[in-house]
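Structures for review follow.
Next, two complexes with chain A in common: one pairs it with chain B, the other with chain C.
Our next item is the complex of A and B:
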């Protein structure tokens, strides 16, 4: 279980998350909805061990997280994969699509053939894989980002407004691929969106959809 | 009527835009041509020259520019043209090495400050402030005084007094890169700090570092010239632009202008050309600036 308890995140005097608790169980899709600026992305970064909260606890499968970002153990970091809202910002503009998908495998010193297979499953043809981000569409880039997120077979996948900028067919492809991965691996998925209809469709009637309220300014001194 | 009043500013704007485009293109071509000619002279003249630049001929001392000696001779009868070419060669070489040294030191300090952050960043940036607060030339003279005069002393002096600009530029770029989502994605993929620096930071910093180093070359040449002019740079027998301007200054009192004018001109021309090309490169490498130039 990926769990956050009493998580507070504040940027200067602006508190975006105030004692938030969320649990992402394995094998199911958990929803997280809320208006823009309510701290959905901050919570996603906290759960992906990329942002140290001002207060609160985060645990991954019972292991409490004490170090964040590159200081956290690589094995713990790769347990949770984050798919970003804007694929164009989430990839190194100098890399080819194949480099992007294969990066986690290179870091883990694993054979790179898995990257090509995953890219193929996402509909990325070999001629697309040699292109750089500025030569492909947002949808193609997001497909590469999803493939990258799944290369190391994470236990939890956080999708931060993953389909906001994409057309309906790409949305369906990405959600379908993630659902396939969830069923096959038993991974937990946290679907974050301001689009409650999408969350209702994706999560189904049995899953939990958490809702975050608007953020607030801390009282002045 | 309305169309006529609108057409005129459009036409003027078009001409102004054309002038803006042609002006830099002309100066760029001129700068490139200057560097090509000077580069060929520096490389080829020593190979084909039949005269020895250090050969003293007191019978031909202080001859004004003429057919036999286009730039005249100095008070020892040495050919000024030949010495200027040799001097430029030495000064440019020292300038290039010194710029590379200062860019390397600056890159390492900037990378460390930007990547480590926190206390390490604060301490390193205060060190940069400390180095910046001392006048460069004074500090350079102090460093040279620790060595025996020579090219190494000049390179160390320039390197240790000019790395701060590169450090500031690299640090600010690293701070920007650190907050980019693709770095988050790399961390999430299990990358450590070293890998992020080598695979993500350095390739992005490459053009900035190269540009800083290129802009440093003219500065380093001037620094070398200033040290040599003060008698603290290269040994007097070695032709460098600074040594020549220093020697020529004495002849000025006797009315001989050529031994100091030509080395000064050959100091001015390449530094201006390198600066012009480097600024053009900087404009082209910044997408926002590039789109502004196209307007």
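Our next item is the complex of A and C:
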């Protein structure tokens, strides 16, 4: 279980999250909905162990994250993968698509051969893998980002508005691929979107869809 | 051309010449946008729809080769061919005056260091419009007090309305909205679509370019579908969503979460290496040898479809059932 309890995130005087609790169990899809600016992405970053909350606790499979600087320790971070809304802002523009997919393997000093197979499963053919981000469409780039997120076989995958920029066909393809991974690996998925129709379909009738309310300004001094 | 046509695109073709390849961005596009209607141009990313928008505004880079024509009606005097017109004419009489652009991501389109009012007043002054910024703001659904804010103090919906007000500053009669809802949440998408609908209902013509079928469904009178540089289908919105006749359009609709949620198999061809004949053929389960010839658009049951094997129209199905 990936859990956040009593998590508060504030930027200056604006409180984005106020004592929020959420649990992402393994093996199922959990939904998270809410309007623009309600703190969905901040919560995604906290759960991906990339943002230290102002207050509250985060734990992965019973291990509480105790040593944050601004991010958690790398060993713990590889158990949670994050897929961003805008793939173009989430990749190094100098990398080829294959470099992008292989990056986690390189950082973890693992053999790189797995990257090509993962990319292929995402429908990225060899002629696309040698290209750089400016030479492919948003949909093709997001496929590489999804492949990258799955490279180290994370226990939890957080999809933060993963398909908002994409057409319906690419959306169905990416969600289908994540569902395959979830069923085969038993990983937990947190699907974050403002599109309730998508969440209803993705999460299914038995899953929890959490809703975040609008964030608030803290009272002045 | 019908009497109410505002923009008539005929055989519009755009090629980009690169050192080692030619990008077939737009091929032989034909459609019109009428007074008081919203036409939505939909398709996957990279199909050429934004290039089409930029070609109408004369904003393509120097390596673009544009042929065909795009006739924009004027209130008085002869129509202007946006493709043949020199840059000076486009700059002085078209951009901002006859065509208003509603941009992608309005919040970043605005200058962050100046208030909305100062930007709107500049546009009105440059375009020689004597209207006050307050009046224009009210028409775009803003309160005059909102104009004294800086862009970062505006909500997404208010920034959208400021962008709309800017697009209206020259009182254009064609509104070109290029992915105006990209990254917005559903209430903002709905608000933006309602604004575009209002502009069309005021008697303007609206060309909406989007990948979001649900947004298009909310606002459009007709839907044009673009695939691999070609406009493959133009249909009234109600008939399109009830029974698309082009197999690609049907595939796009089936991918929606509210429908089958199944992707179209395969992927779109590279615009540098388009196959001969119908470009959708490798992904299409209806393809036959006939599809090696490029299909011409055929008008039937209200839908223009460029396909050798279009799907039955629901009206036809009804007739079959009645027999």
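Definition applied: the second predicted complex is superposed on the first by the 217 of 221 C-alpha atoms of A that agree within 3 Å, B and C clash if a C-alpha of one lies under 4 Å from a C-alpha of the other, contacts with A are read in each partner's own complex, and residues count from 1 in each chain.
Just so we're on the same page, a residue touches a chain if its C-beta (ideal position, glycine included) is under 8 Å from a C-beta of that chain, and two chains touch if they have at least 3 such contacts.
Predicted, not measured: the structure shown is a model, and the values here were computed from it.
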Overlay on chain A: chain C relative to chain B, clash or fit: fit
Which of chain B and chain C A:5 touches, first, second, both or neither: neither
Partner chain(s) touched by A:172 [first = chain B, second = chain C, both, neither]: second
Which of chain B and chain C A:84 touches, first, second, both or neither: first
Which superposed partner A:116 touches (first chain B, second chain C, both, neither): neither
Touched partner set for A:108, first chain B, second chain C, both or neither: first
First, second, both or neither for A:197, with chain B first and chain C second: second
Computed vertex angle (chain A) for partners chain B and chain C, CA, steps of 10°: 80
Chain B versus chain C as contact partner of A:94, first or second or both or neither: first
Which of chain B and chain C A:50 touches, first, second, both or neither: first
Three-chain overlay, closest Cα atoms of chain B and chain C, distance in Å: 5
Overlap of the chain B and chain C footprints on chain A, listed as residue numbers: 86
Chain B partner contacts - residues on chain A that touch it in the complex: 45, 48-50, 69-70, 74-75, 77-78, 80-82, 84, 86, 89-94, 103-104, 107-108, 145, 148, 151-152
Footprint of chain A on chain B - complex, ascending: 180-182, 184-193, 195-196, 199-200, 203-204
Touching residues on chain A, where the partner in the complex is chain C: 35-37, 85-86, 123, 137-140, 161, 164-173, 175-176, 194-198, 200-202
Chain C residues within the chain A interface of the complex: 43-46, 156, 182-188, 211, 213-214, 251-253, 255-258, 261-264, 267
